[in-house]
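Okay, so chain A shows up in both of these, paired with chain B first and chain C after.
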Partner chain A sequence: MTSQGWPVPIQAPAARRATARPVRALRTLVARYPLLLVGAVLVGVLVVLAVAAPLLVRNSPYQIGLGPSMSPPSANLWFGTDKLGRDLFSRIVYGSRTTLLVSIPSVLLAMVFGLGLGLSAGYFGGRTDQVIMRLMDILLAFPSLLLALAIVAVLGPSIRNLLLTIGILYIPSMARVVRGPVLAAKEREYITAARTIGAGTWRILLRHVLPNILSPIIVDATLATSRAILVESALSYLGLGAPPPNPSWGEMLSSSRQFMTLAPWSALFPGLAIVYAATAFILLGNGLRDWLDPRRR
Partner chain B sequence: MLRYILSRLVFMAPVVLGITLLSFVVIKMLPGDLAIAVMGTESANTNPAGLEAIRAELGLNRPLHEQYLGWLAGALRGDLGKSLSLKISILEAIKSALPTTLELALLSVLFGLVVGAPIGILAATRGGVWDGITRLAVSLGVGMPSFFIATLLLLFIAPQTPWIPTFNYVPLAQDAKRNLLVMIFPVVSIGTGLAMTIAENTRSAVLDVLNEAYVTVARAKGLSSPLVVWRHVLKNAAIPIISVLGLQTGFLLSGTIIIETIFSLPGLGKLVITGITFRDYPLVQGILLFTGVGVVVVNLLTDLLYAFADPRIRYH
Partner chain C sequence: MLRFSGWRSLIWLISAFVLVGLLGACSSASPAPSAQPPSAPQAQPTQAAVQKPAQPAPAQATTAPAAQPTQAQAKASGAGTPKKGGTLIIGQDFPPQHFDPHKSNAWANTNITESIYEGLLRWNDKETALEPQLATSYTMSPDGLTYTFKIRQGVKFHNGRVMTADDVKASLDRMRDSKSGSVVFNDFKDVTAVDIVDPETVKITLGKPVATFLNNLTETRPIVPKEAFAELETKPVGTGPFKLEKYTLNQSVMLVRNADYWDQPKPYLDAVEFKILGDEASKEAALRSKSVDMTWFRDPRQAENVSKALQGVVSAPGIPSRFINIRLNMCQKPFDDVKVRRALSLAIDRKGLVETVIPSKYGGSVGAIVAPSDRFFWKGDTMALPYYKQDVAQAKKLLADAGYANGVDIEAYKVVAANQLDVDAAQVLKEMWNQVGIRVTIQPLEAAQAIKDYNEGGGKMAQVGQVWQSDPDGFLYNSFHSSSPQAKAFCVNDPEMDKLLEQGRSDPDAAKRADAYQKIQERVADQVYNIVLYGYPLRWEMWWDYVKGYQNKPSNTRWNLRQSWLEK
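Moving on, here comes the complex of A and B:
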């Protein structure tokens, strides 16, 4: 079996048109799916913040005593200081690193395992399907925050344990998202055709089934990222997030509790950062859904 | 219907067994000695006899499978062991915490329905600007963690409303009025996200039903729009909305953990945080088991309700 498999690769357009086309295509895309643009820009800003954090802040997020404890926003300390006199703006910008470092790898982990399990369950069906989906039901039975709390409390809070725990939590929903379309796809003519010309199981799964179920997976992964951000911040709010001195939004919000009425900014900025990050991924996910998967709108 | 119930129960058995196994294993993943973790390294070093006593109490000297089977047999009899920090039976602790959590969860669902369903109906029937606003509000509401809503309420609303007590919980049976007042902020904190999820699902459920032939017939025979929505659309859209609510049980319980901690409500969430703070691992284990099985039972009940309301499901 060589590369004459189906579908036939699309011919590359002529070079002259290739420069104008992406721009026009992008413009049409943005005009038809404004949500996609909004989400992409918001997520883009978040990623830039995380990557370029050292270039964006004036003070180190770890430096203690930059100003008096809980001082209000000023020209030098834009968001004021925290309990230890650290620059809150720097800590929030660096906090985006903690958030993304936990949420994105955990969703990737969930995606890899969810894909494997969902593909096997949907394609092989029968007993394999039963066993895999019942295992997923077991994980789904626990409230996600409760299970995450218990696991992190037992293993000890660290970035690695956080991303492993949150990743495991989202395997079941990913496996479910994959399984459904696989069940539908495997009955289609092109799969029968591929099987008839002698394609092996793995080839069929990877070349023919996977490309046809990518859209819902991408959409779900984006939405799962926002849920991962919320679980991470909830864990860190409860004191089981990335260990200090790692800046983490949930921890900043909870440690501001005792000073809230005197220094409301110390609660508002970290909270808004969480809302921003989670909403950005939700908007991007919804925009992607409108674009890639119009039937599910 | 009976056959359907039986088949659902058969499906449930291995899942419940898996839940017991997972609740057991999670605690056993603790690196190092559980007894030392419970006691603290220092006191374990100075008090080897006490350490041995804790080992014996937790049954740590027995092989792992015996520990599991012993724990499982106890759980079947309703004996989850004794809490190390509270010095009472774990089942007793759960029983006294459960009413608060149930009240909080039910009131939040009620709030979510009352706020979310009308928004979803408006978005589906009016469309246009309403739809856009709703989608934005839904994204924001889902992306807003309950603990931040609680923070905002305490910062901006609580100072204006001195008649709403924010702390000092009293049980419903003792002082119903005060109890309900204390519940306002916690319920709004959890219910807002839920309302937005309900709005989103109501919107799509109503949109689905609006395309049905019987709605066209109702319109064709001259019924007014509100009457069509009320009499023909809502009744049929209610079923998927109910099933979504069932699936939200886990989300709801996750919310109660953090909100009970913020507002000092003596519920299950507060209990689990106590267990974690005091390294009371048997307590955490018991709560894991209890909630896991609880969620499965609620999901089963939702499925049965769904099948009862829509006979097509039963013959699937």
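Moving on, here comes the complex of A and C:
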């Protein structure tokens, strides 16, 4: 039996139907949206790496002098060592924590504020809309990395500040993404209906508008996560990320840059890790977009 | 770990694949520079040896630091007749701030401006004694209070005017006047008068003898024409072998030959271009592709790798002229308590630190508060200095005695983010201090901010590199003498230290000066005013072997560009 074609002819006995249905539904989903599966698996691996980091590595990522400085990959030290003789494999696995710890909360932060601002701007319109959206335009007018550099330079480098910085960076785009669908949704009949039966503004916003605009936001958040990973790496590369000795991919890349010819692995693996994480979230985001977009069903 | 066996084999597969790829890449890269014959000359007498030594300055009466000649001085400066012409291109790491030599003594400025300007005196090639430059000779009165200089005649400034005693006086007056914007006025604070005796003679009078005074008259404190004062920042006018042709902001500094240079036939080069190439990787790429003829590296490991890979490059490891130290703010808890400071010092495995960050085979060494290349550097084994040997138990005990039995948190340990070696050292120290319960948070900062905190006492601990200067007096006096603003900012108030510093500054007896500096080094270690980590070479210079006549100097100034030529 193939999983192709829709609808799938249902021939299984009734007794097996209860268990077979979710599996089959999943299969169908995968067949129609392969990107979604690939992205989800890649992101899943990343999350597992971050959560189970202590179980996955043998050596502490902080222990100095585990091997000779910049030794090549070996049976014990899979990715070799960095300049201080630390286990690069451990540091890259733990680096996924820094990456996720910065990128996901910062996107959540951007989402919360972006939703609030975008909903208010779109729903209330008029002067509120003008003020909020012009403020967002001002933030958008700065090149994102430059703005991030400026904020980190003022706040000082730390994981918390990095998170805030990237969060602030993505509020404007999030607010814009929210505002558009809200403008469309508030003219719909069901909103008018809700208003006629006397629903309050909050109730309308949270129970009627929000659920109907959520899918583009989820997609945007996922894609923003991949951009956040890149910004985190870039800031760490510039020495403004998570302060050492926190393992961070960008910082690893930066500190091994001058040894590219001497110890290429020390730059290669962190670079691949960044590519991997960014790709994973982009694939997941694209998959979600295809899946959640009603016009593509 | 059986669960992950599939995982592991996957990793193996990937790393094997990657390794094969790398091997391929390496083998294709190495035979590239085969066209260059390896540099043949083995050991010729250098030009420095031929030059006649001038009368040594009183401050330099002590012997030269032992065993300082670098490999380069043997290998460099091939014999042969100088050939005129050509442009030498140098890979430079920092852009100059401006070109006014009196208003900045930043390294990024002076290593360019020393080809444009000259002082009354100059350092010899090993930088152990002073030689005449714009002065032809000088005498010192027996009481050490007056210096009389004979001015070299017929020297022309870049603007065509002949230098006179007037310019010498005007320049010296400008340098010692803090209102002129001069950053070096402190070096001249004991000067009471500069007088023109006759058009060829200038007399400088001091209020009290300063043993180090002559050191302040070299090319970093140069003579400039007085009519050019106002515009020196953008339009430098000096007497040097090269003059500024064009400065393209943050890209390149173009110097051209000064045809009227007084020491003909020098310089041999038509032009020297400093290309500003920010980071180490781009300097390496530029040297490999010969888009620069000469450059220097900060990390000796990278430099060694480059020098091995490139046939035909003259490689000149520097001498250990820089030392890294952490300044502790003793106005605040917990560093107001000497026990905590000693615990901090005792927790460090200094040898281990050196071997991890900058191994001794690359010139790293356990440091003291004077640069290792300085003639006043600690005479014995630095590990014999007080509180230098690691003793974790004793450190814990001292910490407990000070009332920090549960350890202490230091929220900001400031380091220069751009200097990778400094950041490396900070990470190693953090682990070492963790063992005794001192928990520090590393805060990487922009260089300017870190240096400001280091100088002005912002925060609790700031780590900065200190570069060798011609004399330790300036740095030590400013850092630890209770009258200096820096010492005040850090609450250093130590009468014993003041006495030693005064002795080091003014004692005419060189042996007594040396003795004072030995005691100062011991006292700083004992009281842990600063934590000195390690000394290492500031720059490792490298140039293609068709650059002739050049040799590196201990302080890595590029003085010798004036005697270099190209044989391409």
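One rule holds for everything that comes next: the second predicted complex is superposed on the first by the 272 of 297 C-alpha atoms of A that agree within 3 Å, B and C clash if a C-alpha of one lies under 4 Å from a C-alpha of the other, contacts with A are read in each partner's own complex, and residues count from 1 in each chain.
Note that a residue touches a chain if its C-beta (ideal position, glycine included) is under 8 Å from a C-beta of that chain, and two chains touch if they have at least 3 such contacts.
This is a predicted model, so every value here is computed, not measured.
Once both complexes are superposed on chain A, the partners chain B and chain C clash. Applying the stated contact rule after C-alpha superposition, one finds that A:149 touches chain B and leaves chain C untouched.
When both complexes are overlaid on chain A, the residue A:230 reaches chain B alone and has no touch with chain C. After overlaying the two complexes on the shared chain, residue contacts for A:65 are found with chain C alone; chain B is out of touch.
In the superposition on chain A, the chain among chain B and chain C reaching more residues of chain A is B.
Shared-chain residue A:260: touches chain B and chain C both.
In the superposed model, A:140 lies in contact with chain B only, and not with chain C. By the touch criterion stated above, A:180 is placed in contact with neither chain B nor chain C. By the touch criterion stated above, A:245 is placed in contact with chain C alone, chain B being left untouched. The single stretch of chain B with clashing C-alpha atoms against chain C, selected from 43-51, 97-105, 223-231 or 241-249, is 43-51. Within chain A, the residues touched by chain B in the first complex and by chain C in the second are 153, 156, 240, 257, 260-261, 264, 268. Against chain C, in their complex, chain A makes its touches with residues 56, 62-65, 69-70, 72-73, 78-79, 83-85, 89, 153, 156-157, 239-240, 243-245, 255, 257-262, 264-265, 268.
Contacts from chain B toward chain A in the complex involve residues 11, 14-15, 18-19, 22, 26-27, 29-31, 135, 139-140, 142-145, 147-148, 151-152, 154-155, 159, 249-255, 257-258, 261-262, 272-273, 276, 281, 284, 287-288, 291-293, 295-296, 299. Interface residues of chain C facing chain A in the complex, by the touch rule stated above, are 4, 11-12, 15, 18-19, 22, 25, 29, 279-281, 284, 299, 301-302, 305, 309, 352, 356-357, 359, 417-418, 420, 423-424, 426-428, 430-431, 441-444, 446. Against chain B, the residues of chain A that register as touching in their complex are 35, 134-135, 137-147, 149-151, 153-156, 226, 230, 233-234, 237-238, 240, 250, 253-254, 257, 260-261, 264, 267-268, 271, 274-275, 278-283, 286.
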